[in-house]
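Sharing a structure with you now.
A, B, C and D label the chains in the order they appear, each numbered from 1.
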Amino acid sequence: MNLSVNIGHLKLKNPVITASGTFGYGEEYAEFVDLNKLGAIVVKGISLKPMEGNPSPRICETPCGMLNAIGLQNVGLKDFLKKKLPYLRRFSTPVIVNVLANTIQGYVRLSTALDDSGVDGIELNVSCPNVKKGGISFGTDKKTLAKLVSKVRQSVKGSVLITKLSPNVSNIQEFSKIAEDSGSDALSLINTIPAMAIDIETRKPRLANITGGLSGPAIKPIAIRMVWESYNTVKIPIIGMGGIMNADDVIEFMLAGATAVAVGTANFVNPKATIEIIEGIEQYLRRKGINDVKEIIGKLHAA
Amino acid sequence: MNLSVNIGHLKLKNPVITASGTFGYGEEYAEFVDLNKLGAIVVKGISLKPMEGNPSPRICETPCGMLNAIGLQNVGLKDFLKKKLPYLRRFSTPVIVNVLANTIQGYVRLSTALDDSGVDGIELNVSCPNVKKGGISFGTDKKTLAKLVSKVRQSVKGSVLITKLSPNVSNIQEFSKIAEDSGSDALSLINTIPAMAIDIETRKPRLANITGGLSGPAIKPIAIRMVWESYNTVKIPIIGMGGIMNADDVIEFMLAGATAVAVGTANFVNPKATIEIIEGIEQYLRRKGINDVKEIIGKLHAA
Amino acid sequence: MSRFFRAEIVSNLPLNNKNNLLTIKPLEPATEPDPGQFYMVEVSNSKTPLLSRPFSFFRKTPEGIQFLFEIRGKGTLMMKGFKGGEVIHMLGPLGRGYPELEDDKIPMLVAGGIGIASIFPLVQAFGKKACLFYGARDKEGLLMLDELKGLVGELIISTDDGSMGRRGTVIDVFMDFLMQTQAKACDYTIYACGRKQMLEVLSRTALNNGIKGYISTEENMACGIGACLGCAVKVKSKELRAKSRRIKNINSELRTLDYELMYKMVCKDGPVFPLEEIVW
Amino acid sequence: MSRFFRAEIVSNLPLNNKNNLLTIKPLEPATEPDPGQFYMVEVSNSKTPLLSRPFSFFRKTPEGIQFLFEIRGKGTLMMKGFKGGEVIHMLGPLGRGYPELEDDKIPMLVAGGIGIASIFPLVQAFGKKACLFYGARDKEGLLMLDELKGLVGELIISTDDGSMGRRGTVIDVFMDFLMQTQAKACDYTIYACGRKQMLEVLSRTALNNGIKGYISTEENMACGIGACLGCAVKVKSKELRAKSRRIKNINSELRTLDYELMYKMVCKDGPVFPLEEIVW
């Protein structure tokens, strides 16, 4: 049975990727997961300089989901290349680095350095606040997004360039098209959805940062819809994510048009989730008598 | 203890309203709920002409939520005034009519007729597709929204004018401000979020309409965030809704800045939900030694 | 006396690994159900699954109200876990049940699989004068046979795989019966419950043979009381109904009729409808 | 041998209406826990609540691994419903436990409320040479007293409402003790677990009196293994730690230090930290 899929010129053993920020730098899960078995590993978002992150509480639970406001804590580009990347290189699995900055130049410098370092993929997290634009995120302003992606495109040669769109837009098709036209090799969606929870006893927000990003099964129907809308608009492959807990969820995303998927919050609930999901996909295909997982991509019977 | 709140010049016995489309035309729930006890009743969205609605399946369940694509089935303005309104008039509870159209003129004609009929409030459902604009919803285009609300404003004299914003926007503050500046007496948020689910056995979408609106506890954190952002932007009262299942959820919405709340999906799970919630609010206030519910509006300790 | 009441689980007996017999006792005064009516059952008080699930009134015993349920997905899987003594919320009886039988008519009961749950009260009501066609995928799917044998006049059993009774669908068997029978088609009244495809074929057959009858339909439900408009089923308007005797599929016509309310709600106007009323 | 394993509920004994003693038996070879380590417990396989909850290793018995838990919210309420025979997933042992005691030192164990769960293994390890300060809101909150009496050298009990032992917080009692004691402060090593406020006051007191020690901290958790970065606790950098002996609140300084990683993860670097390391 063939589980392999292609994201741009990158060939994945199978469609199951780890979602940025939910799988650490890979090493944290090596005890539970044979990293060689994964389709690809996307690491926690990296910035030029190390970032301290937000005060606690950084996470809290919500109905069928969770909020997080980690504040993009990360070791920074230098330490990532020196301390984290070498470890990941020991595995045959492609490494995709999620990058974040608050200026376009920042994204360009990061991407250039990572491209030179030979990472397999670069995922632009465009949900970050743009300091030049008074903090509104790159991913919700069409012109800015176009400029950002095309600038980065020029400097990225070897790595696959993936744009991780913000779900916080009225019309995901438009933004998908912009990312494609600006030179992305693939799209990732969806990122967490801005949300908030309040402790009615203390009257305090449940997160020190007040608002945070909603992830988990709660957002799956929104993610499925966006993947499907995006699939009907662009030709480049889509990495679908948002609330994937098991293989059935993956099949749902792929039928909606995802070429690959990313597993996020599920890793926290079950550190072996990615592996069990890969096995589950095989079982589904076997049960349905399908020998190539690519056959189900976008094969929703909508009529 | 004082539970009353004001929405524009409309005084509600308590902050608990029924969410449009989830409480029929009131009569369906009269067997379970003393309609006189409610803060207000918002009826199913009304259009000029009766609407047939979508084929089945119209609803399906999702993690901590549900999707619906009813297709705006309703009896139409004429039958509503003749057959439904008289019944509701028998109760002391204010009646708010949710209206929908696919042209600005449509909204204006509906609102004028309803205003003349003396209903207490008119709630503009601006999430409907705008035929003039190729079907993109009124609520996601700033100019259109401004035009729609101000035009309706001119023709609405007696009724309180409420704009029910679409959650499907990047920046709810902007749209809240537009609705306020265009003359809304109050805001309702949030409406359902566009979403989708697929049956992986049949490969068919779970809704005949393919996509539908996500409601229920899953969307509560998104709704709370939008109410809070909106509260920090406008002066007019906000009717908060989205996943309210119990009194604790209501307190959370009010701390975030809602003056009143609407209970939707919860009615399906528990037809007595609204009444139990009103009792629950009283208990909370008593426990906290608060004698006026207005004291908690927007009283989030954010620092 | 409210139709939304708390009920105690008296027992939850597994009939086999796919079907359970659930008995509940209302803890508050509750309304008496009619044959064909149903209840919305709260699957979990932790609200996952969120929505209640509809189940037909199966039987009333001294212990309480009984339901037959088939394990299909999340909700029914959790219901399999119901334990005696637990308390759940229920809403019902709901909807319109099966109409009375006109005197001089012979009741033909047709049950596919778990559809027997809805038909059973009719078996009790009509007793010996009833003729029951009861089919399932395999013999695992045939429930309560001993009780049924004792009650009905004629019990004709079938399974798709032939593991019990006649091989074939309940419809095949029903057709054969129509061939042989002496009685005139118009002497019969059909009462049927089962999967959509079965009800569709049955209705067409009935219409073609001029047999009147009633079928119990299913749609996903949320409120159960006609408020959410979620459980719509397409029905024919009066004028169209006449035509439909001749026309196989009239969806085409329907689509062209503007602003005619062509939908009824399974939970409120149904679940039981005259078989000629439904649009397939 | 994986730290993520399936475990069978052996028993789930209510000690009173707010606290339970849970005993589980790993169904796969599992790692031995150290005092102060914890496990992530799957609350419900229906995934609501979604996230596992962290609980300190309390005791190992022939029956299995034991946990003491207090019913606080949704998750622990569902755990109250755990029945013998049920199978759940667990992740652990996790984090860094309490360091060994330096020879010539006297262990002072301080437990606030359910914090006793984490301290108990130390009681077993240090036995008679340990002195345990154990406080709770009321006597309902004081658990396992008989076992404790038998084990520790000195057991000093207190309740906020005075319903048992001394009236006052465990800290008040601890301070009084420091006044009277002959031994030099530096002879002691504190091991403490309890609510934030208690640990903060205790740490300040200890610092002011030059007593070394360790405290077990709490933050909301998702992954339990240092991957989500959700359970951050603010710690002092080496250079700042020196100062802090004098400075009460040094958050101000911290904020100004650019790009210094000032956070550690409770689940991975902790939950136990040297008490001078934490920033309050």
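Here are some notes:
Just so it is clear, a residue touches a chain if its C-beta (ideal position, glycine included) is under 8 Å from a C-beta of that chain, and two chains touch if they have at least 3 such contacts.
Here the structure is a predicted model, which means the values were calculated and not measured.
Annotation of chain B and chain D: jointly contacted by A, C, touch as defined at the top. Placing every chain at the mean of its C-alpha atoms, the farthest one from chain C is found to be D. Here the spacing of chain A and chain B, counted between their Cα centres, is 33 Å.
The geometric centre of chain C is 57 Å away from that of chain D, both derived from CA atoms. Per-chain CA centroids place chain A at a distance of 35 Å from chain D. Chain contacts: chain B has residues 63-65, 216-217 touching two or more partner chains. With touch defined as above, residues shared between interfaces to two or more other chains in chain D number as follows: 47-48. Residues 62-65, 67, 136, 140, 166, 168-171, 193-198, 200, 202-205, 210-211, 214, 216-222, 224-225, 228, 243, 248, 251-252, 255-256, 284, 299-302 of chain A touch chain B in their complex.
Contacts from chain C toward chain D in the complex involve residues 44, 46-48, 78. Those residues of chain C lying in contact with chain B across their complex are 2-4, 42, 47-52, 89, 91, 219-234, 259-263. Remark: chain A residues 21-24, 28-29, 31-32, 44, 49-61, 63-66, 68, 70, 73, 75-76, 216-217, 245, 265, 267-272 touch chain D in the complex.
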